[in-house]
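Input: one structure, supplied below.
For reference, chains read A, B, C, D, E and F in written order, and residue numbers begin at 1 within each chain.
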Amino acid sequence: MRQVIYPGTFDPITKGHWDIIKRAASIFDRVVVAIALSREKRPLFELETRIEMARRATEGLENVEVKGFDTLLVHFCQQEGAKIIIRGLRAVSDFEYELQMGYANQSLDPEIETLYLMPSLENAFISSSVVRTILSFGGDVSHLVPPPVLPLLRTIRDVPRH
Amino acid sequence: MRQVIYPGTFDPITKGHWDIIKRAASIFDRVVVAIALSREKRPLFELETRIEMARRATEGLENVEVKGFDTLLVHFCQQEGAKIIIRGLRAVSDFEYELQMGYANQSLDPEIETLYLMPSLENAFISSSVVRTILSFGGDVSHLVPPPVLPLLRTIRDVPRH
Amino acid sequence: MRQVIYPGTFDPITKGHWDIIKRAASIFDRVVVAIALSREKRPLFELETRIEMARRATEGLENVEVKGFDTLLVHFCQQEGAKIIIRGLRAVSDFEYELQMGYANQSLDPEIETLYLMPSLENAFISSSVVRTILSFGGDVSHLVPPPVLPLLRTIRDVPRH
Amino acid sequence: MRQVIYPGTFDPITKGHWDIIKRAASIFDRVVVAIALSREKRPLFELETRIEMARRATEGLENVEVKGFDTLLVHFCQQEGAKIIIRGLRAVSDFEYELQMGYANQSLDPEIETLYLMPSLENAFISSSVVRTILSFGGDVSHLVPPPVLPLLRTIRDVPRH
Amino acid sequence: MRQVIYPGTFDPITKGHWDIIKRAASIFDRVVVAIALSREKRPLFELETRIEMARRATEGLENVEVKGFDTLLVHFCQQEGAKIIIRGLRAVSDFEYELQMGYANQSLDPEIETLYLMPSLENAFISSSVVRTILSFGGDVSHLVPPPVLPLLRTIRDVPRH
Amino acid sequence: MRQVIYPGTFDPITKGHWDIIKRAASIFDRVVVAIALSREKRPLFELETRIEMARRATEGLENVEVKGFDTLLVHFCQQEGAKIIIRGLRAVSDFEYELQMGYANQSLDPEIETLYLMPSLENAFISSSVVRTILSFGGDVSHLVPPPVLPLLRTIRDVPRH
């Protein structure tokens, strides 16, 4: 069984993430969406909320599972018995960061492979940071996140400006 | 009448900004320099100071106006009745960020168009962040900011190191 | 009257070009689509065909005119009495080439200004070279070029492989 | 059965290509190395030689097959009944070209997915064009191509300078 | 005597830094590793620790000296009587930042020249930030930093997550 | 004695090249401007003319010598007994190409080091290809090439369009 890990902060999950997940799920037997605690990034949403958002967003996809983690990514992969990491590539700056992290992970566990997908065109500009910026001014993000996530966004009262 | 919005944090306004403003003012009927509060970036200068700096820097340019704002950029454009945003492009990283923001803005208001200008060569390396770094060590920035801005820089006593 | 020049080889004109033209036409008083002979690039289509294609593609746009040229771009601008060049930006490699050409043009005529637009997302991957590659294998390009251009593509018998 | 297509000109196959093939072969059930005729690139080696080189280079890998093709890549994928294209990413310029081609292929057949791998670090600078340049001056390429390919390189008498 | 300054935060010094230092030391008469206080970056290690790490890492290199500084880089160069700055280039984002800082430094002292080296391939992905991330999860960094630095890393008790 | 090789096609030598040469000559004991025959690039000017142009352009610089070569660059360096290659970096695409060539050269001779300089700002957009394009239309290039080169440009009668 080929299982893959799709790691990130998902703060919050976007249609861009969802697009990558759906396509990975059609290629591989099992996709684990791995949500990093990322304490140092001071995420807008709690880990539990981010996990709940990702679960609701991927509810129809049977071979997708959502988990939180707070270790090195390669250690999480080893725990899950997974050897393949999936990442989305949107822009050149993504590309360079991913290249560096890919080689760093490979230096820690040479058996781990990273595969990159590009999001479909209509999702290519969407990022969690764009969503947070719009949220901070009370703008509309319903075209940027999967519909089941919207109610969870609204429960946030005091969105700090990002 | 074709009016354009030139948005940014302008912390502080540089000769690079001034160069873009002057050229936009020669092409369009009215240029609004729109200074974002940008609370989350913790600007070195207060919004009022940044507005005053931009006003002094653009004093000779009759069709230029300076305004502060603290909303989504597309909402500010709608308030002003402007459909064109002007942005400067200096480097590849600028380019990608602008591309992402341009598409994000277009997703919020499809009527808004973004036009990009490149600064003249001698201003191509200047950024507010370079100016703040030099200021933080008490270095000379008189070749990097418009002359009328200099007195306002000097009134700052304790410049934190950036 | 603000007129702008939109130069290129247009071999052939694509939906990406058309997108830029339409948006420039909504901002400026007059848009001249300036098709370079570009002999050294050995274009697939003759200059006359490329001009005809661009004319058909832009037929509904009243303030758009199509012209061929075989001089330095700045000289063409001077002949037309135009001071603004419009260019589309799709990718980082475009950006760097455009930057270099923009500064080169400015060194030849400091009064000429270049403004950059980004194509709408769904056209962001289209290039004349992608169209020529698909044509060379007899593939379908009807989603990549403006519909009135299609009959002119079909009259070409022996499309060399590109 | 998950089969993938790894397309290219392979003029000649390098250790960088071999590295991607070996890793794809460990992830997927079947890898088809698809060598394009690429007449318009005027390859240094005949298609038959390039196929033979790739066959010798991949001899130990049981789920790898080498085939030539002279159609649009998406048509070749359809013939093979494959829905996944594998590509290597080395540099930013690769990345942008791949992005454009990936979206172009998706516009021709939305079911086809492209996955990107990065070569291992020690192969990250190797390209067929570097190999051809060194060959053209009679330099040593034995560290850049898989060993079984070397005898086929030597049979070339008049290597034009590239 | 040709002396060069190699500035940075070195938080902590990596094998990538060491690689650049060793090669600079083989080309120039004297190399000063100049460690910036960088208060605003909130470094993980104190300046004194970073200096000690760099001293231990470069112990065998006779023409290398390590110094801390807390001024503008060009002022530090003037104090040392050095006219050449050495910098490592790893990625496109490095390149653009370096270009901007190089021109900024040149605007402050036109006599100062910056020379760029690329790290050897096996060190090309290593950065202090990758090391800090792995450290924060208690992972192994012994392949990423010069061996004499390891004991100093271990003395840190509460590594904040980065 | 520290000598460096500055290789290129120099078709023709520009103020950008001259800028790099002058600065390298102020840092190192001897600079060899190494002009590649580059037959496969079909240069506009003969090797002899390119050598003559570079000699005239660098006449005042006593520690600069101009030589032609038609071998692998690393072999030329070995012949000259030089271990340092100097290259100019202007743009991201330069950077990636240089990175690849630098690692390729290092794989052929690990003792050879490459150092990169950035041209001064006012020369950052100049390339031989921009000069050839302007020449092909009979435009003015006197601000782009060193003055002593101008008479040699004029003797060319039929400049093909590039």
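Criterion: contacts are C-beta pairs under 8 Å (C-beta built on N, C-alpha and C of every residue); 3 or more make two chains touch, one makes a residue touch a chain.
Everything quoted here is computed from the prediction, not taken from an experiment.
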| item | value |
| --- | --- |
| Co-neighbours of chain D and chain C - touch as defined | A, F |
| Identified repeat of the A-B interface (over half of residue pairs identical), from B-F, C-D or D-E | C-D |
| For chain C paired with chain E, centre-to-centre distance based on mean C-alpha positions, whole Å | 47 |
| Whole-Å gap between the CA centroids of chain A and chain D | 31 |
| Interface hub residues of chain A, defined as touching at least two other chains | 92-93, 96, 99, 103, 121, 124-125 |
| Pairs of chains, among all present, that meet the touch criterion | A-B, A-C, A-D, A-E, B-C, B-E, B-F, C-D, C-F, D-E, D-F, E-F |
| Touching residues on chain E, where the partner in the complex is chain A | 91-93, 124-127, 130, 133-134, 136-137, 139-140, 143-144, 160-162 |
| For the chain B and chain F complex, residues of the former touching the latter | 92, 121-122, 124-125 |
| Touching residues (chain side chain D, partner chain C) in the complex | 39-40, 71-72, 74-75, 92-93, 96, 99-101, 103-104, 107-108 |
| Chain B-facing residues of chain C, complex | 2, 23, 26-27, 84, 89, 92, 95-96, 99, 102-103, 106, 113-118, 120-121 |
